[in-house]
Amino acid sequence: MKKFLNNPEDFVDEMLEGIYLAHPEVTHVGDDLRCFVRTNPVPGKVGLVTGGGSGHLPLFLGYVGENMLDGAGVGGVFQSPSSEQVLDVTRHVDQGAGVLYLYGNYSGDLMNFDMAGELADLEGIRTMTVLGRDDVASSVVGEEHKRRGVAGIFFAYKAAGAAAAAMKPLDEVARLAEKASARTRTIGVALSPCIVPEVGRPSFQIGADEMEIGMGIHGEPGITRKTLTPANEMVDEMMARILAEQSYETEKDVAVLINGLGATPLEELYVIYRRTAQVLDQAGARIRHVFIGEFATSMEMAGASISVLQLDDELQQLIAMGANTPFFKHIAQ
Amino acid sequence: MDTLTSHDIPQLFARLSKVFADQKEALITLDGQVGDSDLGLTMAKGFAAADKAVSELGDAPIEAQLKAAGAAIARAAPSTMGTLMATGFLRGSASAKDCDDLRTEQMALFWRAFRDGVAQRGRAQVGDKTVLDVLDPIAMSVEADAKAGTGLSTAMDNAHAVAVDALERTRDLVAQHGKAAAFQEKTRGIQDAGSTVAVILIQTMADFVSHGAARPVGT
Amino acid sequence: MKKFLNNPEDFVDEMLEGIYLAHPEVTHVGDDLRCFVRTNPVPGKVGLVTGGGSGHLPLFLGYVGENMLDGAGVGGVFQSPSSEQVLDVTRHVDQGAGVLYLYGNYSGDLMNFDMAGELADLEGIRTMTVLGRDDVASSVVGEEHKRRGVAGIFFAYKAAGAAAAAMKPLDEVARLAEKASARTRTIGVALSPCIVPEVGRPSFQIGADEMEIGMGIHGEPGITRKTLTPANEMVDEMMARILAEQSYETEKDVAVLINGLGATPLEELYVIYRRTAQVLDQAGARIRHVFIGEFATSMEMAGASISVLQLDDELQQLIAMGANTPFFKHIAQ
Amino acid sequence: MDTLTSHDIPQLFARLSKVFADQKEALITLDGQVGDSDLGLTMAKGFAAADKAVSELGDAPIEAQLKAAGAAIARAAPSTMGTLMATGFLRGSASAKDCDDLRTEQMALFWRAFRDGVAQRGRAQVGDKTVLDVLDPIAMSVEADAKAGTGLSTAMDNAHAVAVDALERTRDLVAQHGKAAAFQEKTRGIQDAGSTVAVILIQTMADFVSHGAARPVGT
């Protein structure tokens, strides 16, 4: 295992210490470094809380900031935060307008957020939940509620963040987050596994000329293993999965996210985007927003994912809004 | 032993902590097949924390011991199985309210509460290829033995035996929950990782009841 | 070679096509995709031109944008752009106020920029040159002019970009760029090599428990190979090299850049920053600006570099200014 | 042959293109030791482009042919060695102004201009462990042979021989320029990559002059 770290058990907390040292606009609740919140809350605003395992930077905590989220429960590498931590974050970010939980559809997170929400409700804090479940590889059509949340949750963050910043009420923020989430489709491909520091060895083996289509972002192996093809062919295959679920006959506007899993050079993401844009163009879509880079990683996994959000007028405006977090800066045009 | 008292519980958790530390690599590998390889880490951490919490309690009733164990696991290992094990112990703790010791009858209540807590929290059904597929037969077996008036040691051995069978049968199921669910048909033939944890748990308890703390731990 | 690409020879141009498709705020001069410029030049402003090999994204072209640079000559992977391309970019960005060439100290680039500058001068375009030469591992004290330019050139870009945006004249922009460059020190470490697509195999071999201190950003091997140490020890050793050349007795203010070489997870960069901040604090420095992420990569190399710029009042103001390029967004506080 | 005419030049560049394509992997490996592994790529690309440019010229004087070659290399391979080779051919082209053919005397002027161009553009000195350490002996050898009235074929063979020696001697030097410079003392013992290119260049020319286009290419 070749990594820059000290004791593997201290990895997450030392990372957090580094983040707090670098970015005074975020802080933690009480003594627990893993209860991650904005330093300056916005009075009266709906609180947006996410959370999940570490090892996915900038996901999850990286989206805490202006016009985005208010807090995140930070778990160990690829592990859920505890319900206690989520509850602490919830209490801290609540401004009386209620709190939206917005996180990926994973059983560990689900249970802990549910428990936190039950306890928060007892304390008079109203919570609602919207899940990221954009990974088309993880469940068939008709079973979308079972899908994993991967990089596409970024769009739900952006929509919810903008809606909350516009001081919309909790139900409305939840409605918009849910709409963004439901209209997002993601498909990923991995070329190499990743190593959880405390495990110290790769999570799966993959041949020198193989790729995994539909890998998870926790080092889970992919759904289909294939021989590595040229980038264009690979994108065509990936996009076919997305196009099978989204038609651009009436609603043409889309936002696209090309996400690197960790080790893949930015150059290659642009090669992927080039083909993605060609395919979308041919399908009749009009690309209104493009985000390319690392948005949801799996440590040092080599791989990429393509997410497409089908926009309507209200989503288009929310996605267009500027945002400013330590890890994500979007300057509105 | 035909009963577990509050004097035994700390030793039982010490044993569990040791067993899950030993099984760490095996569980990592098992969870890696159609999951994220963390099960060994979380179980080792969770039961180590439970051990510590229980041993630090000093003299305390069983209910408090089990509660401390559950709360410690919830904090130390909030993964799927960590949270479910925590829920199980917390619910089991409530079922042991005012018990001075656990005989077969109380043990049946404990496992029923454990299973029901897990089912409720995880929203899984028996047959969904989860830990529930082993917890349910365990609970039913101990319940039957309680009705039949079987001693604790035998009841635990019986439960262990049905758990081992149930674990084997998880191979025939298709995962409906957790990270494995994405793999659908590919999970057929693979032994469920969480169910393996349940077998280790009941085996260690059965062993402990039969042989006390003296017997060396092994699998 | 596991990469997302089609024909290796098309890699750079397909990447550029992806970039132009994604970012309408940049374009190319005439037919040559590799002559990279801003779409909307600022009238009367000093032109800032950089350039160098591909494979370093966001370096070099990623810094073309608002309050940063105006153009970049884009070479093949790890190769210089041609003098003709630099000249074309120069002609295009010149607004009558002259052009500053600001690039890394490598012989291929030097010769091509020199040739372009000679030809531009003949056409009446005044050019000046400032070199990035921040890599302390590449030459000893007293021979600083021989040093390689690595990630620290980012600070010179930022200083020059801000100065030019403030409509300062060419000599003044050059003076400030030179000051930023001369006050920047960088030291890097690599854990794995990288693969140039057209070569198809790694540029060097490194053992499973080894690290290369002072590697180049073109897959050159490191100056010293050592056993991989815990992150803190490694940072201490790296910072010792920088501290040996910068003292914080009178000038305490610094800007810090923690740069990932490509495959290293952001999490690890924060573990590195944590220690860097501790070391700088102990040395009496005051960190005024922190940049953490990928700023100058070597394809998929695993590794990181630490750059420290010793600020004075005028540099501090320039570094603080906001910037907005497709690849780098800085929101001033 | 004791002269090269404008009819020979396209064939010479075809040969150079082939030789550098064959040497691609070897030069990549050589440049990888204390450099960035691109030398094989750039030389193969540069000389392929030169070949193409010269062959597309049709009937043209030597000066124009060499100029086209230089310009093509500058465009196709603007790395250090690409740019230096381009500069060499462009300067050499100027030295061949109005020449109908190249005999030893004109060849001496060509190599002197080539070397001076490289020295000026690269700002290196003899002894700095660069291509100049082979180009300089080549230029001096051909110059001496021109003075002595030696025929072209022999002069080129002589130049090749001194080049091979000079390349060997680059091992004793410490790199002062280019990517290798950062390695300082570690470059001792390693043969300079750019100098190797110069040897391949003179060897191919000498071979061509001795045996014409017929002889198969090898190293």
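Going in written order, the chains are labelled A, B, C and D, and every chain counts its residues from 1.
We take it that contacts are C-beta pairs under 8 Å (C-beta built on N, C-alpha and C of every residue); 3 or more make two chains touch, one makes a residue touch a chain.
Computed from a predicted model, the values in this text were never measured in an experiment.
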Self-check item: Common touching chains of subunit B and subunit A
Solution: none
Practice problem: State the chain with the largest centre-to-centre distance from subunit A, centres being mean CA positions. | Solution: D
Quiz item: Per the centroid of Cα atoms for each chain, what is the distance between subunit B and subunit C, given in Å?
Solution: 55
Quiz prompt | Distance from subunit D to subunit C - Cα centre to Cα centre, in angstrom | solution = 33
Quiz prompt | Computed distance of Cα centres, subunit C from subunit A, in Å | solution = 29
Quiz item: Connecting every touching chain pair, does the picture come out as line, ring, star, complete or other?
Solution: line
Exercise. Please give all chain pairs that are in touch with each other.
Key: A-B, A-C, C-D
Quiz item: Residues of subunit B touching subunit A in their complex?
Solution: 28, 32-38, 40-42, 74-75, 77-80, 82-84, 87, 121-122, 176-179, 181-183, 186
Quiz item: Considering the complex alone, what residue numbers of subunit C touch subunit D?
Solution: 75-85, 106-108, 111-112, 114-115, 135, 137-139, 146, 148, 196, 198-199, 203-204, 214, 216, 218-221, 223
Self-check item: Touching residues (chain side subunit C, partner subunit A) in the complex
Solution: 2-7, 11-12, 14-19, 21-23, 54-55, 57-58, 191-192, 208-209, 211, 228, 230-232, 234, 262-274, 277, 290, 292, 294, 297, 299-300, 302, 304, 324, 327, 329-331
